[in-house]
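Pasting the structures in now, so scroll down.
You will see two complexes here that share chain A, one where it goes with chain B and one where it goes with chain C.
Right after this comes the complex of A and B.
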């Protein structure tokens, strides 16, 4: 059995590997987050962290719970499917504290043309105006009420369409 | 402790119930939401898009996207009558401030909103070396900011150019399909702000979602289908010149 006469150095190498392997497993267990691999090759808790971000746009349901009068007004007009925050901007803070946080009233001369300024790339059926010719810089709400924009008979007609 | 047959019979159903919850998965922030019951996508109804830029502004307000970077943006296409293979595309500031009047006359002109396509076989998640980006069990491609190294592999891998490196955190950023909103039962900020309904959030696992009827009744296409990414952002009446 000469082959195993000097086997002790083999055991030493084996011991180094075993200790190294155990250290690797131990350190890895400490460093890899618990939820890693819960759903796949990533940290499972990341999903909940991303989902926990606060909301800025409250959603039209929250607006309509209180502002039923505006909802009624919108139903008679073409803007019925335009959500509140499409024009009024993010209002989650206003929903949380309606008393102290008030939406800013905006300039309709700036707001309306975002959608209604004439542009060749817009769908042909969409109502568009060249604002400079249409109203001479007058604010749109001089004639149109934004929640129900059609000009009814008897009201002032400032625009040509 | 001796594990008798009686113990086993008691333990097995308990383990089965526990395993079911592990598989279902529930983000802690939204207790009524079960990931396994959703498969999210989006419908872009191109004939309705008016290029107002509301979606871009809403996305920036909702997600604190830095100026000059975009999780969603709107492109304007001008396809001339004589060269349909080479459309002119512009997107000044992502369409955030609307579009100036076109210089070109005639031809075909239309807007195309772009965002992360939340591919079911996404190239970007496959290349991440550290498991920082992934497809969630409900089909949303997300980035784990605390794990991302900022190596930019995913930015290069995305065939749609939907990712960027955040200039402050230096980690990969992208559309999360407003994951913090859809898990609370709200729609995305861009869909909420879209005045014409050109963007609609779609839950492909919900049999009552109007997306199913829409997909049956319209000619719907995804971007770069030849990349086989199985994109879940569906474009209605997509023009062949769109890249």
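Right after this comes the complex of A and C.
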């Protein structure tokens, strides 16, 4: 009985730990979403929430339904397999309302180098240039037509790829 | 590309782990080392190191409180870090480290300090005034029983906690080594020896830090340095350092003999980009020199002042050497390409979130916390601290 009395402070510190543990369990129950772990190590409801978000990309077929001339031009060039929205950005709103929502025209000096800036890690066969040396700040579409970028006889010369 | 030589994969050009991730194992190592030094007195009954016992515990606590801050500052969303405790992913080494950290902080360090200081806390709660009295009273948890029998129970439980604390300290810092050693994609890190090397280097840095702090604080208090204590601590530092150096050399010899596909690349890096930090600072200045200095004190009969100076120099060099070791592991492991054909450069920011200034603040912060802890819970014998009244059992 005496030993119990002399160890009372230890029971108190144990009680602090128990209260701390219970507080943790309580906070955890409060903060962890109910659907956590439903499918995996994430919030199950996240899937439905993401699925319910508005679609931003229209898909290349939607573009091609109207812009048949561009489609024809692309077919003859190296960018035939590059999706329209890869360069033009998400265009679902434009497809829904082509009259009032117009795609923003990009600065090709910035856009093209995203893929074509020279980098030693890129495959050797991939067209790439050191843009500062290659065009000296000129917009790429001064010489290259983005939908069919190869320069053919009769067009402005100056580009190499 | 500036700072890049040869072939680097695009995701290797910029270092993801900065000087703060160097600081994290350094701080954690000091915690583990300081605790293991404290355990010498408690478990192994090395009476000579008793003057450093409480200081070692407070040092461990001060550094442990700051240890996760470099990680927090490294995170993109530090405000989400608590989720690691709410929904831990069992396959994440870092998530599990959160629990190791919590276990060590709550179940080992705080409990041991509380039990060891309980008598002092009770007495201070009666003698202190103002807000300090409130803090001490809170710390007593409402129990002012400091009868001999109650203190004997504390002593026994404290011994048990220290006993559990030793493997916990090994686990804490071994785990830091494991986090690096288990990265199989990085040949500079991937080694089962990594946790062991980390543990011993932690012991070395922790012992050196407590030895320096003890000498510095005693000098500041204008008290006499207990040379029997410092000599014993220095001899433990010497022995641990020899084991640590042997393990690192074992790792090196193993790498040289094995000479796998990464060897030429790593060897080139050690002779070029890492030459100064690895060969000069870590090995020559931070390991061989302090070992030789400490060996001098073991072999020669030197005077007290000479020994003090040697211990101070060896202690500082040891800390520099261990920091360089963390630097070479963390930064060195990110300077070469997985292609083994290229090298990048680490450019440290100055006033950025993970820059030099923050690193300096995080190095000084534990010392400020330690200063507060020392003021609150004096680790000195009662007669010299003068802050405790005579023991008077309270019911």
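Here is the rule we go by: the second predicted complex is superposed on the first by the 109 of 161 C-alpha atoms of A that agree within 3 Å, B and C clash if a C-alpha of one lies under 4 Å from a C-alpha of the other, contacts with A are read in each partner's own complex, and residues count from 1 in each chain.
FYI, a residue touches a chain if its C-beta (ideal position, glycine included) is under 8 Å from a C-beta of that chain, and two chains touch if they have at least 3 such contacts.
Fair warning: this is a prediction, and the values are worked out from it, not measured in the lab.
By the touch criterion defined above, A:105 reaches neither chain B nor chain C. In the superposition on chain A, A:6 makes contact with chain C only, not with chain B. By the touch criterion defined above, A:126 lies against chain B but remains apart from chain C after alignment on the C-alpha atoms of chain A.
Applying the stated contact rule after C-alpha superposition, one finds that A:17 touches chain C and leaves chain B untouched. More residues of chain A lie in touch with B than with the remaining chain of the pair chain B and chain C. By the touch criterion defined above, A:41 reaches both chain B and chain C. Common to the chain B and chain C contact sets on chain A are residues 36, 41, 119-121. Across the complex, chain C meets chain A through its residues 7-10, 85-87, 89, 106, 111, 114, 118, 140-143, 145, 147, 149-150, 153, 157. Residue ranges on chain B touching chain A, taken from their complex, read 22, 25, 27-30, 33, 35, 47-54, 58, 61-63, 76-78, 98-99, 101-102, 105, 109-111, 131-137, 142, 144, 146-147, 176, 179-181, 183-184, 186-187, 189, 192-197.
Remark: chain A residues 2-3, 5-10, 12-13, 16-17, 20, 24, 27-28, 31-32, 36-37, 41, 119-121 touch chain C in the complex. If you check the complex, the residues on chain A that touch chain B are 36, 38-44, 46-57, 59-60, 79, 81-83, 85-87, 89-90, 114-115, 117, 119-123, 126.
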